[in-house]
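Quick one: the structure is below, questions incoming.
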Amino acid sequence: MELNKPIRPAKITRDMTVDQLVDSLSGCAFGAGRIYEAVDIYREMINDPDCTKFLGLAGAMVPAGMRHIVSDMIRDKEIDILVSTGANLVHDIIESMGLHHYKGTDAIDDIKLKQDAVNRIYDVFLPEHHFTDFEEKLQSIFKEIPEKLSITQLLSHIGARLDDDASILKSAYDMNVPVYCPAIQDSIIGLQAWLYKQTNQLNVDVFEDMRGLIDRCFDAKRAGVMIIGGGVPKNFILQSMLVTPRSFDYAIALTMDRPETGGLSGATLDEARSWGKIGEKARSVTVYSDATITLPIIVAAAKSGRIK
Amino acid sequence: MELNKPIRPAKITRDMTVDQLVDSLSGCAFGAGRIYEAVDIYREMINDPDCTKFLGLAGAMVPAGMRHIVSDMIRDKEIDILVSTGANLVHDIIESMGLHHYKGTDAIDDIKLKQDAVNRIYDVFLPEHHFTDFEEKLQSIFKEIPEKLSITQLLSHIGARLDDDASILKSAYDMNVPVYCPAIQDSIIGLQAWLYKQTNQLNVDVFEDMRGLIDRCFDAKRAGVMIIGGGVPKNFILQSMLVTPRSFDYAIALTMDRPETGGLSGATLDEARSWGKIGEKARSVTVYSDATITLPIIVAAAKSGRIK
Amino acid sequence: MELNKPIRPAKITRDMTVDQLVDSLSGCAFGAGRIYEAVDIYREMINDPDCTKFLGLAGAMVPAGMRHIVSDMIRDKEIDILVSTGANLVHDIIESMGLHHYKGTDAIDDIKLKQDAVNRIYDVFLPEHHFTDFEEKLQSIFKEIPEKLSITQLLSHIGARLDDDASILKSAYDMNVPVYCPAIQDSIIGLQAWLYKQTNQLNVDVFEDMRGLIDRCFDAKRAGVMIIGGGVPKNFILQSMLVTPRSFDYAIALTMDRPETGGLSGATLDEARSWGKIGEKARSVTVYSDATITLPIIVAAAKSGRIK
Amino acid sequence: MELNKPIRPAKITRDMTVDQLVDSLSGCAFGAGRIYEAVDIYREMINDPDCTKFLGLAGAMVPAGMRHIVSDMIRDKEIDILVSTGANLVHDIIESMGLHHYKGTDAIDDIKLKQDAVNRIYDVFLPEHHFTDFEEKLQSIFKEIPEKLSITQLLSHIGARLDDDASILKSAYDMNVPVYCPAIQDSIIGLQAWLYKQTNQLNVDVFEDMRGLIDRCFDAKRAGVMIIGGGVPKNFILQSMLVTPRSFDYAIALTMDRPETGGLSGATLDEARSWGKIGEKARSVTVYSDATITLPIIVAAAKSGRIK
């Protein structure tokens, strides 16, 4: 066995840029080596004009403060197709209405919070009454949309009606990036739709969106994906490629989920190769670390190398 | 502070029953104490005639061999409402057709597997050609069903057409247990629907199911939930209670997901109290351990105490 | 690729024994398959008369209530050599003095606990004043022992002076099982030694124990190890085999630590094969699950198959 | 309940410094909020002239390429006292001899590696023959040192004999920073001592070092600790404070270990407050993320704010 890539220890300097820090980790191993690899793949992917770029967005990334990063990725054309959980979109809409999430703590009496009408998302607090404003907003939007449409179209209608350029849905609308949200009923948008349907007609077909997404997979010259967390977004992106003769050429996963329990969220990207979702020769890496730390690093470091 | 519950070390005896083992852990702490607590809550919940019982089923539990346990839980009336990922239902259908999953290994070259047309799910192998049979089955079922129906109705139609009493979908059909699968398009059932819709009419409304589920939440005298893994099933069950004046009285979560990354999958059950999804006085416990180990233990131990 | 071991779903029956439950998991995958494998290996190992059996004991297993299980393993000759953290031995001594740990909760104000003089170990509470009794006990023991001895000899002296057959140290003394504790100063035994040495002579050589342990490795016809948690016990056992021409023939690890961060605690048993610590043809398995759940299961199930 | 700290989403700019990135995360939650907090505490701690600064170093940080960062922290006076696992020191000595670790992969046949005489540490490869050179080096050093000494003194002798300013041990020697390694026999240094002692006298008392360390704890006006990983270094630092009337004023933990299994490695810093190891009013934060990613960020960001 030939050993020809010695570990080169990282070196920290005062006022170094994120790009320089990541470069300094290029000779390291474990997570340090993987974050370098992730930046390198991401840079290649966003600079590849023939690459259709997917983002899978799970976890409570918006409440954690990752909203501008994602909307900037959309506006900077680093995302062509977004697949999200419903929750991230709900919280995006809330913020776009000028309503805030608040820094809280996880070391708190949740029954006390309930009595104070404050909802907790780990160490983020959200006043319950925000959902009253949310209801008013959603119900007014539902009134303006066609009776029959797809999930993507519904989200596009919502995005068009938000007045905040930092919004993910608004940015996606502006940049013509389709937003897929397979489990939309599994969110407070869904609860609003349930409410609306008690007295109104609304028909959103669950399978309608698939054609558009799979067509994009068929048509892609090359394809790349960044997967934040697991869940539906991860699986939905990967399975859409499954039915095509193609496969992903670039794949980055940012997660803390582990493979050993066998769920798809923690499944390795190599496992996806056995299915043909990711290509034999694809570049891929999983960074096992909190995505609210690694996503900002990757986006910041890759920006420096971005070919304008 | 009064300290009045001394740790009583567990004691192992030859040929002890699962029930006796769990009893022996009743004075222990950490996971040992929690598995006892989970059994105790589960036993109370399934013996409570006024309790509506939910199961949230995420993770690849069917490929791992947990299928009979879940279908027996349904037939034994331990589940009134099932919320599942699409994947568990896909693999249930495959097994009900007499097709097998196989024991494999995670230490394998996935590109080799791809070339051999074997799909991997952690240490489970699945021949790719099973999906050809699956396609034939699903397409023939789609032809027989109404053009317009809900996800639950679609799954009920499938369940009715399976010839295997150990099947989850068949058992649910037989026992009149509704199966919710909010992200059904995020599964190979979804891919088959996409295929079918290329030449046929099929309209499955994404929000149609919510009324029935929420009505069950409204009507429940008491409510209990066992949550296996996280994902959509966990959130969908909890949010359905959110819009009612009620909340869950019993809650058990079996997961390896951790709270610190802030996602809903790893969120503590206490966090759910701040939202009012779980009640102030509810009994709840999370067992942080592989659910393919803890689910069999809990079901086995609780069976011994089951009031017939 | 030949696929010849179909997944056989587990089946739960009323009043089944732990042994029957584990047998029922023999055809399953993920953790369920691994716990069966662990029992199968453990059974072979304890029934192999030529096998020298090691136990690595890390984590707060004694405060959690696993003390009788370990002392019974010693008395049942399932352990020939014990390597432990200091903490487990400290808490064993405390319990052997008739002092208790108490069931508490991790959802508590730790500053309040401090003010109440209660120490917390996750969800276990320990009155601070127990350490006053502990001090008295240890100081009286130190006065009776030779000035110069090894760590193993020191622990043997302590074990001889405990009056509790359920004690790990007492059982080890009774059964002539050496107890290694490489990081003994990293425990409250160490703090007591520091106190004692302020006015007395005591010389415990840090390297003195190695010879005896390595000799046992050299002399073993076959060798097996059960590793609970990671840390020093895991590494110390494995490295002792490293300098011999031999390697472990059986290895079971019970842990929640993950490989991806690169530490030895989470390192796979396969990694240990690259070093020659575990043999090429050795049987090994890691069960990724809470050890306070999996240890009782394995010991209970294996007991049923024990050849007396 | 007053909610007055709205989440301020992070904003990424081209060529931003690490310091600016971390500042941009100051209004975020989850890991992003915690990494900002860690930098803020670390900056305060290293700029506090009355603070005695401890580093606990566990995990395979040296093989991963974190060696220069740690030795620079020592030379930049960010560490007054180092407590390490033996493994990190072994690999530091190897690198200081001009021998390399190599980038490898965790997806490899370990039996093949064994046959090629290559040892694996997750995705790092190490030629077995490096240990031959290591043996020669250590044996020659042992010959030059006193027969009777403490672990710290032994490590100081080794550091003095290394010819590499990037070495942790050499830097500690140069800067008069004591290095504690309670479990030194649990390392290849220990194996070399065992070998040496077969034909030579060497007496290293296991408890000898405690006095010096505890005296430093007693004498500290203020005390701060950064804990990388868990294990012996974490516990040894915290317990040394336990016997004093003082407690840590600053504490930062970088780990992936989780609290729920009850081990000390995953124990929260709040738990340490119940023991009085960390003070009631101390600033503390745990960042749950790969330390090979978070350590470089924290050191880089804090450097920018360093008062020279």
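List of remarks:
Letters A, B, C and D mark the chains in the order given here, with residues in each chain numbered from 1 onward.
Convention: a contact is a pair of C-beta atoms (placed from the backbone, for glycine too) under 8 Å apart; a residue touches a chain by one contact, two chains touch by 3 or more.
The shown structure was predicted, so the numbers you read here are calculated from the model rather than taken from an experiment.
Where touching is counted per the definition, the chains common to chain A and chain D are B, C. Comparing chain pairs A-C and B-C, the larger number of C-beta contacts belongs to B-C. Comparing the CA-atom centres of all chains against that of chain A, the greatest distance is found for C. Chain centres here are Cα means. That of chain A falls 42 Å from that of chain C. Centre to centre, using the average C-alpha position, chain A and chain B are separated by 25 Å. The mean-CA centres of chain B and chain C are about 34 angstrom from one another, to the nearest whole unit. Multi-chain contact residues of chain B (touching two or more other chains): 29-31, 60, 63-64, 113, 118, 121-124, 256, 258, 260-262, 270, 288, 290-292. Here chain D touches chain C in the complex through residues 58-60, 63-64, 87, 106, 110-111, 113-114, 118-124, 151, 182-188, 190-191, 193-195, 197-198, 202-211, 214, 229-232, 235-236, 239, 242-243, 256-265, 267, 270-276, 280, 290-292, going by the rule given at the top. Across the complex, chain D is touched by residues 1, 3-19, 21, 24-25, 27-33, 35, 60, 63-69, 72, 95, 100-104, 107, 112-113, 116, 118, 121-125, 127, 166, 256, 270, 287-294, 296-297, 299-300, 303-304, 306 of chain A. For chain D in complex with chain B, the touching residues are 29-31, 258, 260-262, 288.
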